[in-house]
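Should a chain be cited, it is by its letter among A, B, C and D, assigned in written order, with residues numbered from 1 in that chain.
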């Protein structure tokens, strides 16, 4: 039911699940709108405190599921349409024209390859999630707005996958391991690093990023009160997903877009 | 004494307790002022961090106690006068004209029906209150500005009332149960969800929302210090209410309105 | 040594310790500058998060030590020069002209009466201090910027002084008790309410308010780390005072004034 | 490997390691650019919450390694190019022209003298670091962005070095002791005071200041969760440094500069 809800959400939102056969004959205008959404996503995640100078967000190409769009290496809040580059699923740039790429772009290609249901990916150092990435206390849903983590959030420990590293998912092998840890889930914590969050559309991946950060704050504060904590029942959490998961985040998405446009 | 103080406050504030017989002959101008206050309340609660993209605030109609005003489904900070819809106490829209309604509008109708003393209702995911909604540690008044919770804040657990759900109070039955849990109190926490706060006027419901959030922060921090905590004596808390409860929030209300107007 | 340092600071800052005999012959221009400083102090404490819609700051009259200046009842961030009223040490307004007074103005008169060394007083609900006002854990200086509380911060519990009340220091008797609890100290916490902070000048009372709030955050966080905490040695703290206590806050005061002017 | 990485970063960033012989014949234009960077650093650290009204940042002179640049005594967010003064390594001003100097300027001279690899120094009361400066719990790297503290952060306790003081590093002797405590590390906490952070360039010293503060928040929150915490493996941390330490902070530096320029 969760999957069909996501597909439904993607449709409702003018999403871009799998391209229809006639898609290749469309002109480039659909891409312009998608690029504008991607630029907005970059700035929203900066303004909401999910990104600082680092982090990146990508979207699967609207007409070719084997390509995705990502900014050149740049602080997300500075990204404009001219900074967006197309990459293939091996994370090779198709039109870099000398522009520098993010070292960790491989995260995106590996997950798009493994997850046909995913059309948008956020990698961040989301501040309240980093503590959970290093703690033995698992992240669990406190509020219905985080119901999308019904089945828990796996933790990717790069040391277990790749030994002693500089902690960066900067090649295809490391990214594959991260994608394996993510499995079918909406998010994976990265130990001592941050998080990767995925969704069927940009509003969903962005919305989940924002509400997963908020859930970490809620859970930390609930634990600090010292009593027992009642987490969402997994069945409740699945109902939240089935019911459309925060309305596909559309109500908030409109606000976030307006806030970055006003800035 | 609490009740008479509230009525007094409503009067002092140019409130709108029960409509006088001649009210029906008034023209629509009183409503315009009330709608402007409701728009301000939406934006204030956004700017003060009580609302994010979600949450809603309503006000009982000034001339018909069996109707109330609520925005169409929209992020509160984006609400304008044109977005305000009239609903009856069964939460049926009277002038929606195709506009989408909040799924949880039933909260408002059920409480206005059960509580003639209530003229304004806020439903939010107030960030510091969510942890208390899931903790065995009860919310208690730390500071006199939260004296209005003299008799405690009940917790509505939708699972006890309605079994496994998507956590949304999205029908009349669930809303009735929430109203029953609220009883005569100024606020009820909603487990894993947020809070509903009521008052005799918009400034009171908004002010209580802001100071209940603040009290949650105070209490969390006081507990974290690790010593014993002295809460308000219930008699002190009742005196706070009897003395006019933070001056009916008028001093702060003027500031909040000016802040949203300046934005 | 602390006292002489304060007097020195007041002099250096163009302060206004005790009026010189020839002061009475000056025209009103000195007052205009003092009122401008008081208006700035109101706005600074709002912008710095010490005040919300409530709280007030006063200054002793520059030419008559038996009078002080305080805004009419208004949210501090909205205060302008036209809102400033003169009161005597019994906290009777001398030129209210129908304007409403703060209910708790008696705090100011009682302290100016008891403390000739004090020329400025802040009463606030400083958010990180309220938890200390209700905790058995005493506020202690963590950082040298809070060295001015070398001898601790007394806690005024209105219930011990005046029994069950509405928690407001709204008459002369309660204010006298608060002034007694304050004694010769720079600040007193008020249980379940907030704090009163005093100084030889507005920059000192404002600066102390800001750095006492910061110290409360520091101490809370240090305690939460779970190890042992090394507080300032009382002798160190007295040296901080003797050395001029954060340079009389002048460097920060210029920044704060510029920030409120720019807004 | 860490050292060579730092030198590399300094080179890449148009840094200014040791002056080349022909440097003395250059005109003053290089200094203008360096001063502009120093002004930006002052404002960035203010906007990022590392500085409040206090704190200071310096840079080693581009053409004479025995001089450094520092603002006159002024709140960092107010600093302009006209406020920058040249000092020698004994922290004597060379062109003060009557302008007041920071009391703690000796910190800078002593460290530039002891550390030829250091070209920029930040002294701040970084708010999340002060609690670690007084706690028995050591600051440790939680996230790869703080990998630069691979070998820990020493704590300078002025009482052990200089007995009972006013806590200020306001003479050459105290500064020498601080430099000794710092040793070859990128940062040293100052008990009950703050921190000193150094780097091969302004972007590095500023970036480390911001990410050390963030790491303190991460570590506090991770500890508060109550489980076990997995810190960076020292080998991982050294790899982070060897890999260029957050890209020399250039991506974030561009964002920070743009943010202060826009203000």
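We adopt the following convention: contacts are C-beta pairs under 8 Å (C-beta built on N, C-alpha and C of every residue); 3 or more make two chains touch, one makes a residue touch a chain.
Here the structure is a predicted model, which means the values were calculated and not measured.
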{"item": "Numbering shared by both copies at the chain B-chain A contact, with half separating same from different", "value": "different"}
{"item": "Chain B and chain D: spacing of chain centres that average the CA atoms, whole Å", "value": "48"}
{"item": "Chain C and chain D, separation of their C-alpha mean positions in angstrom", "value": "34"}
{"item": "Two or more partner chains touched - positions in chain D", "value": "224"}
{"item": "Chain contact graph, described as a line, ring, star, complete graph or other shape", "value": "ring"}
{"item": "Touching residues on chain B, where the partner in the complex is chain C", "value": "141-145, 147, 214, 217-219, 221-222, 224-233, 235-236, 239-240, 242-243, 246-247, 249, 251-256, 258"}
{"item": "Touch list for chain A against partner chain D, complex", "value": "52-54, 73-75, 77-78, 103, 125, 127-128, 130-132, 134-137, 157, 159, 164-168, 191-194, 220, 223-224"}
